[in-house]
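Labels for the chains are A, B, C and D, by order of writing; each one numbers its residues from 1.
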Amino acid sequence: MKIEGDFEVEAPRGEVWEKIRDPQVMGASIPGCDTVEQVDETSYRAQVAVKVGPIKARFNLLVEVLEEQPEHTILSRTSGEEGTRASVVNSDNVVRLSDTDSGGTRVDYVANVSVTGRLGKFGLGIFRKKADQLAGQFVVNFREKLGVTA
Amino acid sequence: MSLDQADPIFVGGTVGKSVAKPDNLEKVQGRAEYIADLYRPGMLHGAILASPHAHARINGYDLTDALDAPGVVAIITGDDVGDGRMGAFIKDEHAIAKGKVLYVGEPVAAVAARTEEEARQACRLIRVEYEELPAVLSPEAGLEPDAPILHEKLSEYIKVFDAGSEGNLCSRTELSEGDVDAAWADCDVIVEDEFTTQPQAHVSMEPCGALAEVDATGRVTLWSANQSVFRVQANVCESLGLPMSKLRSLTPRVGAGFGNKMEPHIQPITVALAMKAKRPVKLILSREEDFEMVRARHPYRVRMKTGAKADGTLVARDCEVLVDCGAFADDSPGVLGYSLLMCGGPYRIPNLRASGRLVYTNKLRFGAFRGFGNPQVLFAGEQQIDQIGDKLGLDPFEIRRRNMLQEGDQWFVGPRIGSNGLARCMDAVEEAAKGPRADGSPRNFGLSVTAHISGLLGTGAIVRMLEDGTISLNTGATDIGQGSDTVLAQICAEELKLPFDQVVVASPDTDGSPYNWGTTASRVTYTTGRAVKAAAGKVVEQAMDHAAEMLDCDVEDLELREGGRIGQRGSNTDVTFAEISGRAHWAVGGPLVGSETLVFDEPTHDPKRAIALGLPFPRIGVFSFAALGVDIDIDDTSGQVTVHEAWSAADVGRAINPRLVDVQLHGGFVQGLGYALYEEMVWDGARLANPSLMDYKVPTARDVPDAIHTFIIEDPDPTGPFGAKGAGEIGLNTVPGAIANAVAKATSARHTDLPLTGERVLDGMLGPDPSQD
Amino acid sequence: MMAKKVLHSLTLNGEQVDVATPSGATLLETLREDLRVLSSKRGCNQGVCGACTLLVDGKPVRACLTLTARCEGHEIQTVDGMGEDHVMATLQRHMVESGGVQCGFCTGGVLISARELLAEDPMPSREAVKTALSGNVCRCTGYRTIVDAVVGAAEELAQ
Amino acid sequence: MTEVLSPETVEDAVALLAEHEEAMPLSGGATLIAMRNASLVEPTHLVSLDRIAALRGITRTEEGGFRIGAMTRHCETAACADLTGSFYVLRRAAGMIANRVVRNMGTMGGSVANADPAADYLPALACCDAVLDIAGPEGRRQLSILDYVEDWYETALEEGEIITAITLPAPVEASSTYRKIARVSGDYATASCAMSLDADGQGLRVAIGACGPGPLRDRDGEAALRGKLDDPAAVAEFAGRLVALADPVDDVRGSAEYRLRLIPRLVTSVLSELTQQKEMA
């Protein structure tokens, strides 16, 4: 499942880059994320709770930065599983930053997400909608961390 | 009156009568035992841990927590199975993932525990260390020069034919007759298109399952839902490295197959679990697992070009297919080869070329499914015949009649055609479908015709006359519900001139039954029926010898009479089978046993007329023929197609049991209807997105028209038992092509992609851009 | 430790049955694993296929979606225990004779749905039969012979 | 393992839900038990609502509308001959849910609580201007069906609350129906349309199902359309407003584009069906 989108923030690229590379900021922006633990320079662990109607899941995720071009591009991989509850999630992510005409930053993101196991049998469409919804929530939270709104 | 006191249903019964299947009784009473209904003393329940990855190396397992879980007795992984590999054409498959996983859903470990719930819970505690690898998710991607390779040791695998395997290319087949490239110049009309077909799930109502038990000597008894106890035996023994004599394979009642249960599913895993647990283990798949880890119909990409003269005479066809194999070869090389053999349809096409490639991908294995590659190519071919007819102003019947194969013609690359009732099939459909609907409105009519083989490989029959003169018939053929036990008993009874109910059919048992390749390829009535008829004939001969001695006359003067008697011609004196059998058992000669084995051995390929490379079936079978007409409605709002009326005619040589043939035609039509209109397995990346009956829909009673008319055409095959040919698959083949032709007529839009969903048909009617509505 | 079991008192095919079954078990699990009543089949465990259909207080329900704990005080009937029911016996005979039985895995559920239909509507149209059976998936017959059997049984019973 | 609790009053049910953290209310079971069988939900306790008499039955309200107990089975709704005119849409929707056997099990309260965007009741209830009666730890409250669905599978129902009844307001003089596009009989909707046409032929209420998180209803659009039902351009404009409200998914039942394409076609076709019915009558 491919999730893609973009958003703009009224903050310079350097600052946005710094926040995107800061696990604590990312953790606080990801909806449902309650703990973040830096593993090393390029990876961190996070626990994320997801709820779709009556279905609740809690994933232990490992986020690894595979490649980066400072202030421009990050390639990362998110992998994890749902404790002993039989779902596995993997995601290959690309985030690109660029300047906007008004001096802000445009963020483009693409994630190729796969969920298998018990939650992997759930309908395709709702996953996508849920992912879009979470992405929207992330943008709101992230902007807040940057101290900008809208 | 309760059922037990009902009028006897099995009165008499010979060839051509619609005898009710004896197993119907226990089925309507809820007493039939399927694999899930078997219990053994001390039996454990199994569950499977499936791979979450499409392609990954397995670097290790941690079973500590799972082994400590409540009720767990044994766990197996790839470490518990040797290097053995199984496969019908290419031996590429371990009993359970070993070293690598090749698709999401592939069994990685299995647990035996006291209850199914405990086994399932314990599976969640197994830790597998994976190293993910890039995945191949389409045949096109698999053929890229830098594609990840699924089977690194492909060149070392045992192959039963010249497969041409290389890289991710599992097999390739090339067939040709005449000079296709030169022939286009002779054509006045040429049509060319690319067609795609979707993966379809079998959805046998019974999910796959198995029960294995090991005796004190280490010998295994294995019950399973299957279409061949012998293929089960071979696959388990190959994959686990067991001598075949160490495994007895049996079958309870089977809740249908359609190809899904022909080759292995979880039998090897169940046996390995039982051997490790030293207790009987039963493993029954959930519906979701049955979707994800068994097999399905192949998606095809078909590039087809057909040319004809101005009078409609077909001149040339070129057909190239690209087939998604999934992770293991299974029956796929056979499906590819067969679809190419059939891609010309039942027509005279002097210049015909067919080539195809089968490519490994990181999806579940695709394999045998009713039709076996024929529906995919027919969807393309039958539309092109209509397109040519349209261009030349020839109606669908006319263009087909001008080109159909005639008596004495050979099929593409050379097989003999024993009998050909195609013309009569078309006549029946045309006659019944002519004119407008009852309300005077015009029909949206579509036609498709087809041929299908019945034959292939080894089979046998043992007919034993019991002391009282009744008969025990043992063939090893699994009745999967379609009624082959009934048909074979009818053939046996007919040959012995006995009432149907005096023949009992033994359940398949590798210990006691003669070899039978399987209930597949529309073959049991034809192939096993031949063996049964011959074996019964031998019992008659033996009985005649006894009777001659008992009546003190020459065998030539004797006749077999109805009801198990042999008498002297022109005289009332006779002896009964009971008298003969008693004599044989206790006094002279020994018990009467007739046996026959045979393998279909007429060559497929005639090297004088065709070039063939990588032909997986060197000896294939005899040909049945069929025609299907449909009259459809299209909902203006949604574009959804419904069938208003249908006419299905099939030449089955001789209908041993007309009602059972009729049900095959109805059942095949409805399964084909789902395939044509909405059934589709959808992948989201590497994950099957609709592995449940909530999301994957098959036709219900309300989706099927009442007016499906069937016509059984009998053009006896000279080699078939009483002239019979197969009927199991042919009723499905034609459905997508006939409906596509009707849609084209109703909407003026040709569709090259299956299924013909409301969405596609509406797009065809309105154009793909909604803003233009 | 075995899963916690709860004792339930059920009425099954007219007989009182006491059964210990895991708490939260479905009727399908209780019947099959604890009582070895096997005529209800597990075809999907999602309530879609209809192979587990049985009667509770004369109404067809999915055994796989019914909790055993909710069945106390209700009358459960399964196809294996209904041979004495004249309507069921007639339906069974027509299914045998019409060719409505192929693999048989769906057959018990089909008969249960048909039995209730004839209780509601003794002379159903073919359309009504199809509607009543639309929750019983059959992959073998194409439905035609099943509808024939139900209509045939209704006609015989009406005489 | 799930423990099954069977309270006999709404208050006890609410208390039990509050007491056990992983408890879930169980109505008919047609969806929830299927989800549990698939391990999608793993409640420690199921609070069964089937012994609560107050949740059963369809009764007339003083205003001339109906109170439908949350535990009313789909088959009861489908067979309720009193649901006529503008409420016929509800009967019709009930009769199209899944199949006869599942209709014997599933309940209106359970279906509404589950809030599946492709299920049949929500658009039908939206077309009826239904109100939900809700009980929870904070007491009882009422909520318009139009304010109920907040996002995909997310509703205004708070943790620990249950739906006790669905109330239909006083009926209006109208004829109504429900049309569903689905792959096969009994499938969830690819798209659906609940519509009621006033007896005077002037006003229309329309709710579209399966094209967004909840049913699509545009009351301003309906007001603007009033009296212009025989003007195809006005109807098309109204349908366009519904399309603009839609946020359909791409799934195995159809693409988002297909669903968008179906909305105006459903509106036109169902309107013409109701208009013809009126002319025949």
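The rule is simple: a contact is a pair of C-beta atoms (placed from the backbone, for glycine too) under 8 Å apart; a residue touches a chain by one contact, two chains touch by 3 or more.
It should be emphasised that the depicted structure is a prediction, and the values quoted were computed from it without experimental measurement.
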| item | value |
| --- | --- |
| Chain labels contacting subunit C and also subunit D | B |
| Pair joined by the larger number of C-beta contacts - B-C, A-B | B-C |
| Intercentroid distance (Cα basis), subunit B paired with subunit A, Å | 47 |
| Length of the line joining the C-alpha centres of subunit B and subunit C, rounded to whole Å | 30 |
| Inter-centroid spacing, subunit D versus subunit A (mean Cα positions, whole Å) | 34 |
| Multi-chain contact sites of subunit A, meaning residues that touch two or more partners | 85-86, 121, 123-124 |
| Of all residues in subunit C, the ones touching two or more other chains | 3, 22, 45-46, 131, 134-136 |
| Touching two or more other chains - residues of subunit D | 34, 38, 99, 185-186, 252 |
| Category of the chain touch graph - line, ring, star, complete, other | other |
| Pairs of chains found to touch, sorted by chain label | A-B, A-D, B-C, B-D, C-D |
| Sites on subunit C touched by subunit D in the complex | 3-4, 22-24, 26, 45-47, 50, 53, 59-62, 64-67, 69-70, 113, 131-132, 134-136 |
| Touching residues (chain side subunit D, partner subunit A) in the complex | 24, 32, 35, 38-42, 114-115, 117, 151-154, 213, 247, 249-252 |
| Residues of subunit B that touch subunit C when the two form their complex | 1-4, 6, 9, 18, 20-21, 23-34, 36-37, 39, 70-71, 114-118, 202-207, 253-256, 258, 284, 286-287, 480-483, 659-660, 662-663, 666-671, 692-694, 698, 700-702, 704, 706, 708 |
| Subunit D to subunit C touching residues, read off their complex | 1-4, 6, 26, 29-30, 33-34, 37-38, 46, 48, 50, 98-102, 104-105, 185-186 |
| Subunit B-facing residues of subunit C, complex | 1-3, 22, 32-33, 36, 38-39, 41-46, 48-49, 51, 78-80, 83-84, 86, 89, 91-93, 95-97, 99, 101-108, 111, 126, 129-131, 133-147 |
